[in-house]
Structures are given as structure tokens and as C-alpha cells.
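Next up: some structures, all given as C-alpha cells.
Here chain A shows up in two complexes: once beside chain B, once beside chain C.
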Partner chain A sequence: MQDESGSVLPSSQSLHRLAISESGFIFDPTSGHHFTVNETGLDILRHLQTAHSPAELVALLQREYSASEKEIERDVLEFAAMLRKFIGD
Partner chain B sequence: MTGKKQWIKPTIVPLRSGLLNKFGSQEAPWIDAIDEVPIPQLLEQYGSPLFVVSERRLRRNIQRLKRAFSARYPSVIFGWSYKTNYLGAVCNTFHQEGSWAEVVSEFEYQKARSLGVPGHNILFNGPFKRPGILRLAVSEGAHIHVDHLDELYELEQIAQQLKTPIEVTLRLNFDTGYTETWSRFGFNVESGQALDAAWRIASSEHLNLTGLHSHIGTFVLEPRAYANQVRTMCEFMHEVESLTNCHITYLDIGGGFASMNSLQGIYLPAEQMVPSEEQYAEAVCDVLLELTHDRETRGFKRPTLILETGRALVDDAEHLISTVVANKRLPDGRRAVVVDAGVNILFTAFWYNHKVMPTRILPGKPEDTTIYGPLCMNIDVVRNSVMLPPLSIGDNLVYSPVGAYNHTQWMQFIEYRPNVVMIDENRNVSVIREAENLEVVTAQERLPAHLSAAYPQGAPEDILSERSSDSNN
Partner chain C sequence: MDVTVAITGMNARPDNPGPGVAVARCLKDSDKFTGRIVGLGYDALDPGLYLNEYCDAAYLLPYPSAGDEAFITSLREIHEQEHIDVIIPCLDAELPGMVRLTPLFDELGIKYLLPTPEQLRLRNKDRLVELAEHAGIHCPEIKATTDAGFFYRCQHEGWKYPLVVKGLFYGAHIVDNADQAAEAFRDIAAQWGYPVLVQRLVEGEEYNLTAVCDGKGEMLGEVMMKKMAVTDKGKAWSGVSIFDQKLRDASAALIKSINWRGPLEVEVMRDTHGDYQLIEINPRFPAWIYLSEGVDRNLPLILLQTIFGKQVEDLPDPRPGVLFIRYAAERIVPQSEFEAVIMHGGQRLT
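== the complex of A and B ==
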């Protein structure tokens, strides 16, 4: 998994501009698009405020969820790709 | 123990205005047992994928359809359409309920005979009846439905050889006003071709015209098509009877009633589109009663009504259980899952949107999902687009209805075909078709002596792997 480079996770600028509600409703003011995330997705977005690398993010999630590192990493990679696609790098 | 949360795959789904509710709250229906037998138990014992046939449903379906027609017309026979599902256990369930066999080839004829169906309970359709089997069928008293003139001449020759006259049935085609004319089968009514054939039969001392057959199509959603069909057939019956002095004892109206399935391109739910058995029966029998009521005064009985209903009797009596083997994101962002059952065994996925259900309540938001089968082929799409919550590897998806045309049109392509089991009325489960293996799939192959070994001189070296180059140095 790539660290540091930042190419896996969306940039913090992209993330900061999002309006995220507690129910998982997301609004991107730049594009005007709405999204909905599930609870896990919401937790990931929350952690992305502080985590700066995928490895950090996975470690944070592992503390909260009963799943293997591999399983979490796999799903985070896929989710991050979706985020990049929908809200930009 | 640790109080940690259960990991559910994270999802992010774009919302289009107007669809907010649809995405937010839709809960997928689920199914965890078939005829009260738990799905996990079935999978543990018989593996995945797995076809599951309900004997109870098969019997209920034929009993209901029979009741709908017998309550409206005095003489009704059902001929089980083998091509729709010719697994022996399925055929014999229908035979035990009184159905005859409707066959269209040497193989189907032999299969019906081997299951214990006498020739006189077989309706023999189809444009190609091999000479040997046609002769045998005639001598065993099967009812031959003639498709074309050449067959008529062939039958005349057989009758001469057997020195006994043959009763024949003409297959007719005509426009019902609602269905596409399957004009490639049988004799056309409007053009006079059918009457020509009737004259030809009348002029033969070896042939007697005693039946009329037509099959107007499949998945026919309009009962009025059947009313028109029966009207045309009755009018033709009266015409040939008065012109050629024959006596028609039965009218066979073929199959075609729709099952509770969703054709691709039709967006209303099947429950709203598909007529009930009562509606079909009413359309057929009202016209039939009306147009045959004066036969007794002419010294004729009413003709027996024969139906060759296929899919409407078997489709909803079978489920296919599959297992998720991978999750994918497509480049356009859509979610896809790969399951272990593809179009190789679910052939009808080419034209139906089958109902897809998980086997437990799946947490998480439903998302537009494509379901791919296991084949290395682009065409292997089980559902193009279906709303499903996130799925994990090992989760099961159940497709229904799948009882019609899958076991006859499936193909041994890339994968072995899996077990088919039947649950009987006492909830006992039996394998009715065993899963294939290498031995079964290669049983018919023969290797010429010079091709009996892949590498007679020893296998080529593995020059691709690091391992082998190391060992060489």
C-alpha cells in the first residue's frame, strides 16, 4: 500500500470542502453533487481528517472494527478509489 | 469481547435528485430456506452453485392449471413440454399428475419412453423427426404432429410399409393479431396451405386427419391471443371436416403462457404483467365452448383440448443458489460482484431479469450492482443492474424463477455443471442430477493413439520461473 505519496487518498483540500452530515449524507459544493455513505464509509471520512496515509487509516480503523488488517486494507483501497473518482484527487 | 464494531464494506453512492428515498431506505428482501429446508444446510451438503427444485410447487402448479381448464371444458389433457425441463424427476412428477409427454426429437422421444411413458401418451412435434424414430413412434401409437409436406409423404410411406393407416395431426400457423406468427412451423392457414395439406391427407388411403395443433409463441402476455387462436382453429376444424369428411378429435393449442418472471426491457413487475391461469383458461374455454356446442347435433363429440404448457408450470418451482467469490469496482464507479454461477448454467439470464435475493438481511445501503458469472467471457452477465447492499465473499445470492429452459439449454462451458436437488413434499432432499466431474465431461472423448500423451518426449522446461533458472545455474 502506498504511503506518503498521497496518491491513494484524496487530498485534504478535497476532503475539507465536503459537507458531511452525521447520517452519511455528503454534499460536494464544488461539483454540486450529493452522495451517501454507509456507517463504515462515514468513519473512514472522519478518520481522514487526521490520518495522512492509508496505513495510518487502516490502523485507526482496526482499533474500532473487528476485522483483519487485510480485509480493512482491501476495502479501504477500493473506497479511496471511489472517493477520488467522485470528489477528485 | 472487545466491543469492536462489525466491519461492513464501506460504500459511497452518488445521489441523483428525485432518487434520494430509493437509495436511502430500500431493504433487499431475503430468503433463507426453500420449502422449509435451510439454504446453509443445502449448500453444506450439495455445494455451490446449486439448483433446487420444489416438488410441492410442481404439483401445485399443474393441479391449479388443470383445475382452471377442467372447470371450464369437459375434456382436457396436458402434455408436458420436455424441452422446457427434461430432468427425469421433473417429467415424472408431471406424469404422475396425469400429464402426457410432448417431445420434439429422437432424444426426447426416447427419454419419455425410458421414463415409462407409453407411445400412445406421447405428442410428437418438431420439424425434424429422424426416419427411424418417426417409424418407431408411429408403430408405438404416438400422436404425430406433421410439420411439413415432406413429412406427410414420409408418413404415407411408413403407413404403406406397416400396412396400417396412420392418424395424423396438422400443425397450423396463422396470425392471432397479438403474437408474432411462427410461420416456419407447420402449415399456414391464411394462404390455403393448411387446407391443401388436409386435401392431400383426405386423398390418401393411408392417412387420416384427426387432430389440429398450433403453438403461437412463448411468454404470451395477452390472453386474447389464445381466444383468437382457438377461434381460428375451430373455424379451420369445421372447414376441413365439412370439405374433406374427416373427424377432428383434438385441438392442441401448444404452450406459451407466461411465468412469473421479468423479461428484460419490460419494466413493470411480473405480478402486474402476467395473467393468471384463470384468465388464460377463460380466454381459451369461452371461445372453445361457444364454437363447439353444436357438434353433438352433427354426431361429433367436442374435441379434446390439449395444452403443452411449459414455463408457466415449472419456472417458479426452481431456485438457483450461488456464492459471491469477489467484489469489484468497474472503471465507471459501478459496483460488481463475481458469483460462481454464470450464463453457462443460467442460460435464461440472456432474456430475463431474474429476481435476486440474499440469504440473510444484509446491512448497508443498497447500491446499483452488476452480477458477473465465473466465465472468462464478456457475455457472462447474470444481472446487469440490481440494487444490492454490500456483499462479502461467501455470501449467497438466490435467483428465481429458474425452472424453465435452463436445464435444457445450459452448456458445459468452462465449468462443470452443478448438482440439482429436489425437495419432496415431506421435505426430503434428493439429488436429481449429479454434479459433473472430469470423468463425466470427457466420457465421450477418444484420443487417437498418437495423441494419447501431451508430451511424449517429456514436458518443456519452465523457462518463465526464477526457480528453474536458478536450478539451471
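== the complex of A and C ==
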């Protein structure tokens, strides 16, 4: 996985501007785009806002989910790619 | 503010509404406005002429094509009845005439905040590229043409379909081939005259900004919106407020470059690279102006405050995420009211 300066995760600036609601409704105040995430997506998003690197994010999620590092890494990559598309990063 | 404000553009048609009713609604909704609204329309079926919750009186004006004399006579008569303090023109096509007639407004003591003729010319659609370049903003190439034959040879000149065919004031058709383009050309020329404009199509999402500009290069109370749904004519049916510093800065640069005076709307497309491309500058409030009241930046009120030299209070930060959804509703009009508009050109509503 690449680090934060790579293209895997959305930029920290983009992530911090997102309005994240408990319901899973996400609004990007700059682009006006909105989308919804499930509980797991919400969890990943919250961690994305605080994690400094993909490795740190995977480690954080590993503590909460009973899945292998590889599985979590794959899900994070997939989720991050969708997120980048939604927020136009 | 206890003043009488005349507002044009009462043609709140569902598919392509004029902004007048929304401007009136902004003022009526403000507890700082205690004055009267005089709605001015051009057609007896303009809905705003019958909406007494927004207009205290409503009158018909002669179409701009009838010439200045007819307009002057009509405005003098309305002014005698209503003692207008301020006029807010809301339609693109009437702006050149309104700007030309500012000496009449001065003579009648009617205040306004309008661009100069030169400012108006600079934002003309056929000069947009030049203006955008000056302000450092991208703008798709625009060409003026008076010949439908252009559309059959344009591909040899580097113009690839789909293209946008536009009128100088109104109308925009996306066309996929020469036949469609020629039809759009004839349609627009018949309605709005020559030249007809051709603009390269920008793929992306449409964003708009509206503000009041003080004529000294500053914009006040800007409100930005992303279109979420449009009518067949491409008019916003629903939108959401946003705040993008990049769009704000680009619009501020445009306004500064021509010291725009009065309300305006900047229309841009955000292309697939995330860059803004200037599509149009409209010299008036947009039909979605009520969103400005929705985000606590009541721009028609700010316009009045600017006109009367009042300090515009500190505005709250922009509130991204506020939606508007337009809806169509029927107004029941007694025959007497319709008759008054047809026979007498207007009426008092309150």
C-alpha cells in the first residue's frame, strides 16, 4: 500500500472537509456531491480522517474486525478508490 | 427598509422561470424589509402578477422590442401610481434598455444598481473568452455566426460535435450533428436574432455563483450552488448550496477585472479535471435566488442595503448542504384580477 502522499487514499484536505452524519449520509460541501455508506464504511471514513497512513488505518481496523490483514487491506483499497471517485480527488 | 421596489421578470414559468418572483419573495421574507413590491411583467399570464403574498401591485410593461418610448410612457404611469423608490431588472433581454434608461430613473428619483453599458458589453457571451482570459479563468471557445452553413463545414475548422448553439440573450441547445445545429440556429435566430453563438461543449457538472457587486471590484454575500436536477431547458429544478474557495476566487477575479456593478450570476462547468470553465455571466439575479435567503445571505436585501448606502451587516459563513427543490403549483385567479391586467395593464393586489 502506498503512503498518504501516494494516490491510494483521498487527500487529508478532502477527507476533513466531508460532513459525515451518524446515519451514513456523507456530503462534500465543495463539490455538492453526496453519498451514503454503511456502518463499516462509516467506521473506515472516521478512521481515515485520523489515520496518518494506510498501514495505520489497516492496523486500526484490524483491532475492530475479525478479518485478516490482507482482507482488510483489499477492502480499504476498494473503499478508498470509490471515495476518491465520489469526492473527485 | 420601508421603500417601494419595482421588480421585473414575474414570469415564474415552471420550466424556465424568470427570477422576479423569487427576488420579491426574498424581500418579503426579510423582517428588515417593510416596504412594498411592485411586480412588473410582460405577459398577462406571468404568474407573479397575481401573487399578492409577494407583490403589492403588479403591472404589465411593453416588450423591449416596442422601443424606449413605449417603456418610458408605461414606467411614468406606473411611477405616478406607485412612487417607485428602487427598480430591480431581472431579465437579460431588458438589461441593455434599462442601462440606457438610467437618466430616466435619475429624473424620476428611482434608485438602481446596474452595470455600465461597457460592463454589460464586456460580459456579452461573444466576448466571454476575452474576459475570462483577462481574469485567468478557463472558458470554452465561442464563435458568433450568422450563417447556418457554418455547421456543415465547421468540422473542417476544428469544431467537433457535440456543440452548444446559443442565443445572445437566451436559449442553448446541445447539438450532435450539422442538421440539429442548423435547426437550433434557425430557432434561436427567429427568437433572438443574430448573431447566433456556437460554444464548445464542456463535459462536467454545472455550478453557479450569485452575488451583489459594488462597482468597485468587490462582491458581497456570494452564494454558490450545484445543480442537482434540471428542466428540459437546463434550468435548475433542484440545487444544493456549496462553498468552494476556487470558484469564489475565480468569480472574484472576474468581477474585479470589470468592476461589475449590480447583481450577477456566474455559470461555470467543473470539467473532468476539476477545473472550472466559464460558461456565462448573467447580469441579474438568478431564478434560484431564494436559496440566498435559505442560507441567511438574503442577496436582494443586500442589494437594497448597498443601493441606500447602508452598512451590510457581517454575513454568516456560507452554509453548504442546504437544498432547494422547485415545485409547480396552481394559483386560482378570479376573473376580475385577470380582467384588470388585460384591460388596465395592472392592479393593486394589497
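We take it that the second predicted complex is superposed on the first by the 87 of 89 C-alpha atoms of A that agree within 3 Å, B and C clash if a C-alpha of one lies under 4 Å from a C-alpha of the other, contacts with A are read in each partner's own complex, and residues count from 1 in each chain.
Here is the rule we go by: a residue touches a chain if its C-beta (ideal position, glycine included) is under 8 Å from a C-beta of that chain, and two chains touch if they have at least 3 such contacts.
Owing to the predicted nature of the structure, the values given are computational and were not obtained by experimental measurement.
Colleague: Put the two structures on top of each other at chain A: do chain B and chain C fit, or clash?
Modeller: fit
Colleague: Contact-wise, after the overlay, does A:35 reach chain B, chain C, both or neither (first, second, both, neither)?
Modeller: first
Colleague: Count the residues of chain A touched by chain B and by chain C, then name the partner with the higher count.
Modeller: Higher number of touched chain A residues: B.
Colleague: Quick test of understanding: once the structures are aligned on A, what is the angle at the Cα centre of chain A formed with chain B and chain C, as a multiple of 10 degrees?
Modeller: It works out to roughly 90 degrees.
Colleague: State whether A:19 touches chain B only (first), chain C only (second), both chains, or neither.
Modeller: Second partner only.
Colleague: If you stack the two complexes on chain A, which partner ends up touching A:88: first (chain B), second (chain C), both, or neither?
Modeller: Only chain C; A:88 stays clear of chain B.
Colleague: Rounded to the nearest Å, state the minimum C-alpha distance from chain B to chain C in the superposed three-chain model.
Modeller: 7
Colleague: Report, in rising order, the residues of chain A that make contact with chain B in one complex and with chain C in the other.
Modeller: 33-34.
Colleague: Applying the document's contact rule, which stretches of chain C touch chain A when the two form their complex?
Modeller: Contacts found on chain C: 205, 207, 225-226, 228, 239-244, 270, 274, 320-321.
Colleague: Which positions of chain B touch chain A when the two form their complex?
Modeller: Residues in contact with chain A: 2, 4-15, 17, 20, 23-24, 327, 329, 333, 364-365, 390.
Colleague: In their complex, what parts of chain A are in touch with chain C?
Modeller: 19, 27, 29-34, 88
Colleague: Would you pull the chain A residues touching chain B in the complex into a rising list?
Modeller: Residues 26, 33-41, 43-44, 63-67, 71-72, 75-76, 78-79, 81-83, 85-86.
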